[in-house]
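There's a structure below that I have some questions on.
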Amino acid sequence: MADFVTSNLLNPPVLFFLLGALAVAVHSDLDLPAPIPRLLSLYLLLAIGFKGGAALAQNGNSQALAAFAVAMLLSALMPLYMFWALRRKLDRPNAAALAAAYGSVSAVTFVTASAFLEQVGWQQSGFMVAGLALMEWPAIITGVILARWGGSTANGTSSLSIGALLRESLFNGSVLVLLGSLVIGLLADPRNAATLKPFTEGIFYGVLSLFLLDMGLVAARRVSLLKKLGLALIGFALALPLLNAGLGLLSARLIGLSSGDALLFVVLCASASYIAAPAAMRQAVPEADPAIYVTLALGVTFPLNVVLGIPLYISAINLFW
Amino acid sequence: MRPIKRVEIVADSADIPQIIRLLERRGVSGYTIVRDVAGRGERGMRLGDDPGGAFQNSYLLTTCEPEQIEALVESIRPVLQRRGGVCLVTDAWWVRH
Amino acid sequence: MRPIKRVEIVADSADIPQIIRLLERRGVSGYTIVRDVAGRGERGMRLGDDPGGAFQNSYLLTTCEPEQIEALVESIRPVLQRRGGVCLVTDAWWVRH
Amino acid sequence: MRPIKRVEIVADSADIPQIIRLLERRGVSGYTIVRDVAGRGERGMRLGDDPGGAFQNSYLLTTCEPEQIEALVESIRPVLQRRGGVCLVTDAWWVRH
Amino acid sequence: MADFVTSNLLNPPVLFFLLGALAVAVHSDLDLPAPIPRLLSLYLLLAIGFKGGAALAQNGNSQALAAFAVAMLLSALMPLYMFWALRRKLDRPNAAALAAAYGSVSAVTFVTASAFLEQVGWQQSGFMVAGLALMEWPAIITGVILARWGGSTANGTSSLSIGALLRESLFNGSVLVLLGSLVIGLLADPRNAATLKPFTEGIFYGVLSLFLLDMGLVAARRVSLLKKLGLALIGFALALPLLNAGLGLLSARLIGLSSGDALLFVVLCASASYIAAPAAMRQAVPEADPAIYVTLALGVTFPLNVVLGIPLYISAINLFW
Amino acid sequence: MADFVTSNLLNPPVLFFLLGALAVAVHSDLDLPAPIPRLLSLYLLLAIGFKGGAALAQNGNSQALAAFAVAMLLSALMPLYMFWALRRKLDRPNAAALAAAYGSVSAVTFVTASAFLEQVGWQQSGFMVAGLALMEWPAIITGVILARWGGSTANGTSSLSIGALLRESLFNGSVLVLLGSLVIGLLADPRNAATLKPFTEGIFYGVLSLFLLDMGLVAARRVSLLKKLGLALIGFALALPLLNAGLGLLSARLIGLSSGDALLFVVLCASASYIAAPAAMRQAVPEADPAIYVTLALGVTFPLNVVLGIPLYISAINLFW
């Protein structure tokens, strides 16, 4: 375990994340002004989508379908118990939105885990990128149902139909680039895919490092907001990922995933969405406050997973596989 | 130069399309948008720095005839009340035409 | 604080240099420009999204003495008429100096 | 709609934090910032193009109650005098609340 | 032919173009905010310019001069018949501006064709990049002459002299970067040129893909504007490229270009400018409406060439060479 | 010498710098809008920091400590004689700020020199990046002391304590990224450092070229401002770098640096800061006019060093080593 923690902490992308956080702590004026972070995140989505598609094209994996089914199921169901737990502290819309964010997934956490896998030399089969795309939205649907169930939300915006909502979450820019790149990676013949390699693979860790530098800034800027949210919610934001990771671990073992794929699966379960889910929630559950669900996902759960979660989950897999 | 009402709105970037729809329904045919402005209001700091754009404002500037201002303001007021954002009205003169 | 005329212009980014030349010829020595604003007007939507910048607006804010406003407005009116864009004049107070 | 004072400030981006601190001390709780605007003033052209950001302006828009405007203006005047930048005050109406 | 269409359609950059168009069709919020597209297009111009210059330095080609002369001649003359045809539907300034745009060239179409060449394994000799730079502006001069010829354009701006106009089109930012990079590629000694390779060649297809994703968004957003322009103009925007391509094909055969260079030559003739020509026209022929010439070049001719034109032209070359 | 001048002038990054200057000279509309330059410079800082750290990790050099000590000493002391000279023409705050800028260093000049070293095939040992980081701030401290010494600066801002100032200059965004990346490069194990290579090394010269294109624009735009400053100041901006370079040359010889490291050391002494020092001076010496110190550093000294200085210094080293 300690070994994994150390090698994760010495992974350049993670170090750049910490550098970003440090910059906020020492009140540096360091900033990656808009739209630089957007460019970096578009690049990352395109690159992992394309790589995943190309990998999927080469080795169609028999476990893939099982993994996909379980992934979607978990994404759809995990919000239920989180909602139940969160209702102790939050009203219905906020509990539902937070449950949706934590049921959904974070692409950057996934990517950081995948970079870590390569570093420690574990194999991954590539189809988990599709899992990432598939786990993005079931939680959102569940979250919206929970928000409205029994609720008489009177105002206009939230009368979004499930169809419109599905579209909203599937066609969110980030999801579309990820899914589209996956399909393009699948369709492209291997020779073409190779011409993209210096872009999608060569500079990947560098761009990831730069993006995590920005994420460090963003996450650390949220820390001052955390105080207002109170200890109970911060506790939730620390506990829920671990609980979800446990569920993911169990499922990955049952499906029989390889240890590399298992880590990615567990990280998907443990991570919380701060892009797709919030975008959908702002439209579908406008009564919920983004200052709660985005702040917790970005300011607590993301750092937790990137810094400590990944080595923790890999240690657990090392133990049980 | 003729007198006109100058209307400026700062709101969540995601709400701008809806506000524009309401304005256009009231006959507004010209406006200017400054994307990605930062700010602070009742909903706290909005730096536009989160990767999903959940805290990003846009600034919208438009005009209308003095006699239409009440109706126009009433049409967007519900959005502002529900979703946040501010709206200022100023007297101005319109050059050209 | 002393009374001043506040002038704001939205025009094609490519026309801004000419407008500035005209303003400077009228003695304007200070202005602010917000580049790449989007908008809609008589010439339709201008999203600033074409790679050559043919549909890109800029926003210009400047001030002038109340007694000069007519002359200043007349000097830029021909550009606006020929090339499009809008100009609003507001009464304001100038702080400092 | 109720009458309000609309205050806009253009200043060196590096001075904006200090100006905000002064405004907040006067009770201002809402403002909007447009980053990286270009301009010309007494200190010459400021294109915001130097790699260190030494010539970069920001635009700040805020409001205050009519009776507070004098105090507010006096509080930021020293910064403007020392560091440059301009401040305009306009009468406006506030929608919502 | 069908083969070429398929392999072009499975070319990642083209697929990303379609993904961008799809995003607009499903009302996704996907967007590459300014100035990201500017960065990408500057990169592309720098990279193709530099590569072209380096290629030119290595193999000075005897056909190059003939090709350059014909290219400039075609660019100067093609607006004439297009103007004549367009005058049936448009007034003098608009017909002239549109003719100028279609006589001039599109660098991104050129680059996409060049990427396609590599994919199907055809050789190109590199000097066509200089052809690209040279075909950019003769059409602009012709267009302005057509706009004013017999015209008593009374207003101030359009009194731009031909000298000023030449400067305006040669010193347009995009043209300058292209030409400048070409010269730099020519001057740099091969060892230095090699140090730039990972930048100018390695990540090239990736950046092109990202840029075409944006072009897909941009082109598709123009579709709603097309309705206002009417079927006749859309017909022009579909027919003129094909006509110009035919003329290019004939010329390329007569000069004796290799099949790879021929494709690039044909694509230059078929493509329409949406950067350099519009920039010049806005100054020199302000009476013309950019909503006509930019919309047709971006919304009709660009997609036509990228998706169908390139495989069509390559099939024709395959037949006649 | 002539040889070195030629090969420096044919170095692509330098040629792109000249292209940028040309664009301004011919009134082109070429522009790299914000925040593109910021992205490029962040990349450069990250890349050289990381590379330097990785090099430092591999060969801990015995001369490094001596070089560091002398570097910091020079940075702290050079402002003294410059201040004395500048006081003939400027008031205290402006002379102090200018002396601080010229005592501090320019990372991009350093990087261009380092690119030139690789081109002519001279070795460098990597620890000079740390020297770059270390020379950034002593001059700033000295400059501020000079500005206040005997001065009764009455206004509030300049009452910044030395501690605050040290923080201000050490935690300036650019310095932090450089130092942070250096440490990360030191900490990362070599296998991880290798995964970043295509990013930090592969595309490095390309990004540097693009950035120098922008610097050419920026520097040339300053030329019109130079007239207002007068010939005496321009003379200072030409003479001081050469003087400082001489001092650097002497020190490098005494420490016994290799010829490659010596060039970098000399370039550091000769270069003037237009990022870190101005950022600190604006806070600490607001009475000084950035239009003087930034304009001279960017518009005179930077081009001088990049175009003529580097080959001049390398010739001198060639002679004396």
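Going in written order, the chains are labelled A, B, C, D, E and F, and every chain counts its residues from 1.
One rule holds for everything that comes next: contacts are C-beta pairs under 8 Å (C-beta built on N, C-alpha and C of every residue); 3 or more make two chains touch, one makes a residue touch a chain.
In this text the structure is predicted, and so the values were computed from the model without any measurement.
> If you walk touching chains, what's the least steps from subunit E to subunit F?
So the least number of steps between the two chains is 1.
> If we define chain centres by averaging CA atoms, which chain lands farthest from subunit E? Would you check?
Relative to subunit E, the chain whose C-alpha centre sits farthest away is D.
> Using each chain's Cα centroid, which is most distant from the centroid of subunit A?
Between subunit A and the rest, the longest centre separation is with C.
> Report same or different for the subunit B and subunit C interface, where same means the shared residue numbers exceed half of all residue numbers found there.
different
> Determine which of the two chain pairs, C-E or A-E, is joined by the larger number of C-beta pairs in contact.
A-E
> Distance-wise, how many Å sit between the C-alpha centres of subunit A and subunit C, to the nearest whole number?
45
> Just the number, please: Cα centre separation of subunit A and subunit F in whole Å.
Roughly 40 Å, centre to centre.
> Check each residue of subunit A and list the ones that touch at least two other chains.
In subunit A, the residues touching two or more other chains are 33-35, 38-39, 198, 202-203, 279.
> Could you list the positions in subunit C whose residues touch two or more of the other chains?
34-36, 90-91
> Show me the residue ranges of subunit E that touch subunit C in the complex, using the header's touch definition.
The contact residues of subunit E facing subunit C are 34-35, 37-38, 41, 108, 155, 157, 174, 215, 217-218, 221, 225, 274-276, 278-279, 282-283, 286, 289-291, 294, 298.
> Within the complex, which stretch of subunit B touches subunit C?
Spelled out, the residues of subunit B in touch with subunit C are 1, 4, 6, 29-35, 61, 63, 90-96.
> Write out the stretch or stretches of subunit D touching subunit F in their complex.
Checking each residue of subunit D against subunit F gives 12, 14, 36, 43-44, 47-55, 82-83.
> What part of subunit C is in contact with subunit B in the complex they form?
For subunit C paired with subunit B, touching residues are 10, 34, 37-42, 57, 59, 73, 76-77, 80-81, 86-91.
> So in the complex, which bits of subunit F are touching subunit E?
The touching residues are 7, 10-12, 15-16, 19, 22-23, 26-36, 39, 115, 118-119, 198, 202-207, 209-210, 213.
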